[in-house]
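The two complexes that follow have chain A in common; it is paired with chain B in the first and with chain C in the second.
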Partner chain A sequence: MSALTKSAGSRKNRTFPEWLRSRDGQRVLVMIAFLVVPLVLLMVFTYIPFAEMVKYSFYNMKYVGNRKFVGFKNYIKVFSRDDCFGALKLSLYYMGGSVVQLSLALYLATILSFKVKGGNIFKGFMFFPFLINGIAIGFIFKFFYTRGFVFDTVLQWVGFNLDSLPYWLKDRSINNISLVGTSVWRYFGQNMVLFIGAIMSVDSELYEAAMLDGANKFQQFKYIIMPSIKTIFVLNVILSISGSLSAFEPPYVITDGANGTGTYFVVMHEIAHTQQKVGLASAMAVVLLMIIFIVTVLQKLFFKYVFKDGTE
Partner chain B sequence: MKFRKVLAICLASAMTLSVAACGQAAPAAPEASDSEEAETEEAAEEVEEEEAEEEPAEEAEAAEAAEAAEGGVPTYTQLDLSKYGDTEATIKFLHHKTDRAEDGTMDKMVAEFNKEFPNITVEMEAVTDYAEDSLLRLSTGDWGDIMFIPAVDKVDLETYFMPIDSLENLSAELNFVDSWEYNGQCYGIPYMANAQGVLYNKAVFEEAGIAELPKTPTEFLEDLQLIKDKTDAIPLYTNYAAGWTMGAWDAYVGIVSNGDDTYVNQKFVHTAEPFKDPGDDTGIYNLYRILYDAVANGLIEDDYTTTDWESCKGMLNRGEIGTMVLGSWAYAQMQEAGDTPENVGYMPFPMTVGGTQYVSAGGDYNYCINVNSDDTNKLASLIFVKWMVEKSNWCFNEGGYTVVKGGDNPDMYSAFDGCEVLSDKPAKAGEETLLNDVNAESELSFNAGGNAKVQRIVEAAATGSESLDDIYADWTQVWNDAQEELEVSVDY
Partner chain C sequence: MSVKEKIIKYVLIVLKYFSLVFFSFVALLPVVSCVITAFKTDEEYQSTNVMVLPQSWLNFDNFINAFNKAGMGRAFINSTIILICVLLFSTLIGTQLAYVLNRFEFFGNKLIRNMFLFASMLPGVAMQISVYEIMYKLHFINSLPGYIVMMCGTDVISIYIYIQFFENIDGSLDESAIVDGASFFTIFYKILLPLLKPAIVTSCILKGVGTYNEYYCANLYLQDKTRLATVATSLYTFVGPLGSKYNLICAGVIISLLPALIVFITCQKQIYSGLTSGAVKG
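Right after this comes the complex of A and B.
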């Protein structure tokens, strides 16, 4: 903007209306006209509410009624309460799940991007869960894991004895794994499709050349596919990691966060809506944002370092 | 020049909008928008003129409104339904009874209402997640004329709702109206009242050889054991997974647990050790002990984490469940859920204080009226509320304890003969929000969505991770911390 006005001003000493009518002025006007709608939307629905939330985090307040300014007290509470930060430990389960999810997605994507019989049907089946509403998935899995229902029945067909099977949601040593399973089931298809898309964009001549040079499938994967889909891969990793920090739907719908499955988001929801401690919940949200921010930067640095060594 | 013109048009339209916003000054709007295309000075002049014209008109309107208000909205007890048959208005009613909206009960009642008041149109909106959504709606102000009071602080009542009548007048005619009283004015009237007892299946009790209903926690646990030994039914169904069904245990704190109707709203927050064992099978200690011991002795469902609220209704009806600890509102639903409604029974909570079994009864959600509605709508809303309370029979049909003094009670309450039915007294003046504050600060949230703390009892008992005394010690700790934080005096 400033560069534009300067260049316009230096041409002639024009008045403001004259400048508006000139080519430069019209260009600026058009730019503003196009930008104003998305910017207003972005401001009104993202940044202003966010600023409000940051403001709330310094108050002791409910949704209705009086507010009291308490400074950093809410932030101190976030760090001193067991349930707020303890809930982040559960994210490790979800991060573990995202590793499984990404490797599975990458493996299947690689296979499916070569010529496979019925490839599209497989793609369709595996992508399908992503199209189902998260709440519906919650209800499906609630019954799936119920004692003696779907999962147990299937396992009994395979020869397991019902008495030797654990209670999938009751047993605290595995209930989080059960929940992570639902999230892997839902998202790996989507990751897979993204990977396939990226792999498709690889020039097929590269494979031919590699074959002529005597490279096998694994070498093709390592030296052609992997470097070509680096961007998408990093993006998927970042999305899954921040997704695991903010896991919400499976524990909220299936177990209501009870029995040691309350993730950070579920605890935040409980504090904001049941306990009505809006200030504290806002502070939790801000802290989580900071954590995601830091984790993302760390990942960026990590990948920059790793890929630099690995491929060049 | 162009810039000034733009500015003038902006100002002109801003003025137009503000003029148009003043009630029925609407006819001015089209003229004013024409003027936007006119020349600058003209536009400005015209708007000025319009404003000058509007002022007297507005004054006149305001005077008219004041006159109307002088007749004013009568109070609930003053209102004589027979005199207002020709009232004309459109009112909106926000409620949580999604099931009754779906099965047509709400529409039927409104149709009945319209026979007597044909010119009052009632629009209804049923909200699924009422406890949370209603609060959000309330804070935006966009909710209509009548709603059920959500969990607001009593000091805020007058900001949102119209006082319906004084407590003195209202309590002469209706029960349970003191729960939303503030400075002597009532802001809400319950649509029905619930008594707090225990649901049980009569056939299961018979099969287990239980001739007399249990009267103490110890007897109750023995009976549960009998059910387990002699029948295939689940003795006590916790409904752990639904969450709120666990919070339902809180309803027995106070009147049921110690026979004191001033306990919950007046003494609880001032008690140093509310969770201490009084040693005579009463008190909050023994209330949750029932749950802990039942879980520890395997007297509940096998996998509590996958319980399902909808299917438990049929299970109780069919005799697959022995007992469930829920308010009387659930009775009708249990009866409707299967082929043997005659087996569904309701008994007082098994706790006897000083030889008497106490029953706590209280209003369910309360009707309230928007303080910001205009007088016509306020009047129509009050008519609707009064009609719903006194003439709709809704309370009786839902199996509720009667709200109108001397009204009929459904048969289900026959087991309550000989019990003392009390309702919680309101908090002392100046301490209206104290329980809410201590509840929120301690996060135990008694009777306010504190489901997690009751779920914790089940988890602890099932896994053996904590003893009941550990849990109570922890609760006492957070309770005392909250008292300290909020500077609440500890008197008991």
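Right after this comes the complex of A and C.
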């Protein structure tokens, strides 16, 4: 506030070039110089597309050619077409996956926060999947789940019979769980690193004091670790729920949405870029953004209410 | 310590290491099986189980084949160009933005911060529906510079890392430089930017890995796969007729993840700390 008002006030008794050379002028100049590019990029690649998308959702249109205003018809279609809204049900699988992922990450982070031989190596092994590109993951898991290949072989080692095993990517009763598994595989190490970071930020004297007072590991976890990672835990829960709703990569790269694995975003991608029904796809995107927004607000309120001392 | 306590202690230790070994195995198994298969000849691949070790660990034929078939030479050049440009450009605008947001109080400061925060909540795949139209109008489709500009424009996390770092640099440093007659530009380039080096390294590694691995937009906007493939999108070559030659595919996959592996081994600490600081702030 101060920069703009001050400069406006002092401009009266100075010529413009003089003002430009003054401290105030320099301030405004540097602000403009440093803000223009990032803000233009933000506008061009985020906010203008966002506004356009809302607009498109009211039209029947392709990328090229005529557009026809259809009001809320696209929105009605989103809720009535089976392939659109029905696909959201799949996100329940991904939510289940993120519960597994977060608890696993928390468990391993707790173990690794205390003295462990070779802790860094274990941490590195479990984190590395996060750094692999999505397409490579697609190929790795197509290979992994192929009949008689890696997963089946390992299961046979521990005594399963190949004939009793399902086709992991084709069988509709299990294929979504297989895909969720790849997502858990990819992200649990990253979640774990985040949790370790939060746990490490606790003053180590606290643990020593707790130890002296005779607190066991479980009590340490409950009274020292849990409170200290509350913020990052809440953040992770929020991220994983909105992540589940917008699950995209595993089905996109592994099954291409075949055999009932097409999540909402996979269907949306197909409608937008293959069928070119841009209006309908935009309506889908807007509906999902609204759901994510509502869920985020609800969660924040919920956690504010549960932890009364306020986690942002 | 009583016997019972001792037993509990040992059970816990066993459980601890069992968990670590088991989940490390789970994390590594898919990648390791790929490595094993990548060293097998066609004949070996067809006749042996996937988990049987290859006869020779020096059989690099698949790697050479995959590299040539997928045009990975060209892809590595493209990815390197993209990486260098995106990192230079986004570091420059990211640090500048963070400098203004942290050091200057002005009307709209909070608004700009919130705009970037809100932008980070919008899922990228959904946004591409309409970004595609904009890219089309700007003639950015099938254009390496166009893709680079777009990749610079979508960065949010590193801005947070920089702002957080600026908060820890004492403002009196700027004040004394101003008293000495330095301009804001001098302060930024000569004094603050060098101090920011650790934050720059951290966010460049994160952003670098992200850029190198990005494939959705690369696939959408760099459609000319012979000329403009990146390392990630070059792997699409193996979709289709080659789709069942897994010894070849695995070799390609391994080649594509080597750079990430090397960066990971050399910069583990920065990656962990970057992730943590980015997440806490975000």
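Following the convention adopted for this analysis, the second predicted complex is superposed on the first by the 276 of 312 C-alpha atoms of A that agree within 3 Å, B and C clash if a C-alpha of one lies under 4 Å from a C-alpha of the other, contacts with A are read in each partner's own complex, and residues count from 1 in each chain.
As a working rule, contacts are C-beta pairs under 8 Å (C-beta built on N, C-alpha and C of every residue); 3 or more make two chains touch, one makes a residue touch a chain.
Small disclaimer: the values here were computed from a predicted structure and weren't measured.
Participant: Let me test your reading of the model: by the given contact rule, A:V78 touches which partner, first (chain B), second (chain C), both or neither?
Facilitator: After superposition on chain A, A:V78 lies in contact with neither partner.
Participant: In the three-chain superposition, say which chain, chain B or chain C, touches more residues of chain A.
Facilitator: On the superposition, C touches more of the residues of chain A.
Participant: For A:L169, using the defined touch cut-off, is the partner it touches chain B, chain C, both, or neither? Pick first, second, both or neither.
Facilitator: The answer is first: A:L169 touches chain B but not chain C.
Participant: For A:T255 in the superposed arrangement: first (chain B), second (chain C), both or neither?
Facilitator: first
Participant: Applying the document's definition of touch, where does A:P49 land relative to chain B and chain C: first, second, both, or neither?
Facilitator: Only chain C is touched by A:P49; chain B is not.
Participant: So in the superposed three-chain picture, is A:A109 touching just chain B, just chain C, both, or none of them (first/second/both/neither)?
Facilitator: So A:A109 meets neither chain B nor chain C here.
Participant: Contact-wise, after the overlay, does A:H273 reach chain B, chain C, both or neither (first, second, both, neither)?
Facilitator: Both partners, chain B and chain C.
Participant: Touch check for A:F141: first (chain B), second (chain C), both, or neither?
Facilitator: Second partner only.
Participant: Name the contact category of A:Y63: first (chain B only), second (chain C only), both, or neither.
Facilitator: Both chain B and chain C are touched by A:Y63.
Participant: After lining up the shared chain so the two structures overlap, which partner does A:F16 touch, if you call chain B first and chain C second: first, second, both or neither?
Facilitator: After superposing on A, A:F16 lies in contact with chain B but is clear of chain C.
Participant: Across the two complexes, what residues of chain A are contacted by chain B and by chain C?
Facilitator: After superposing on chain A, chain A residues 63, 143, 146, 149, 273 contact both chain B and chain C.
Participant: Report the residues of chain B in contact with chain A in the complex, numbered from low to high.
Facilitator: Where chain B meets chain A, its residues are 1-3, 132, 135-136, 138-139, 151-153, 155-156, 160, 240-243, 302-306, 308, 440, 443, 445, 448-452, 455, 459, 462-463.
Participant: Along chain A, where are the residues that touch chain B in the complex?
Facilitator: 16-17, 20, 62-65, 142-143, 145-147, 149, 167, 169-170, 172, 175, 255-260, 270-271, 273-277
Participant: Quick one: in the complex, what on chain A touches chain C?
Facilitator: That would be residues 1-4, 23, 26-27, 29-31, 33-35, 37-39, 41-42, 44-50, 52-53, 56, 63, 104, 107-108, 111-112, 116, 120, 122, 124-129, 131-136, 139-141, 143-144, 146, 148-150, 153-154, 185, 188-190, 193-194, 196-198, 217, 231-232, 235, 242, 246, 248, 265, 268-269, 272-273, 278, 281-282, 284-285, 288-289, 292-293, 296 of chain A.
Participant: Which of the residues in chain C come into contact with chain A in the complex?
Facilitator: The touching residues are 12, 16-17, 19-21, 23-24, 26-31, 33-34, 37, 49-51, 93-94, 96-97, 99-100, 104-107, 112, 115-116, 119, 121-123, 125-134, 136, 149-150, 152-154, 159, 178, 183-185, 188, 209, 212-216, 220, 231-233, 235-236, 238, 246, 249-250, 252-253, 256-257, 260-261, 263-264, 268, 272-273, 275-276, 279-280, 282.
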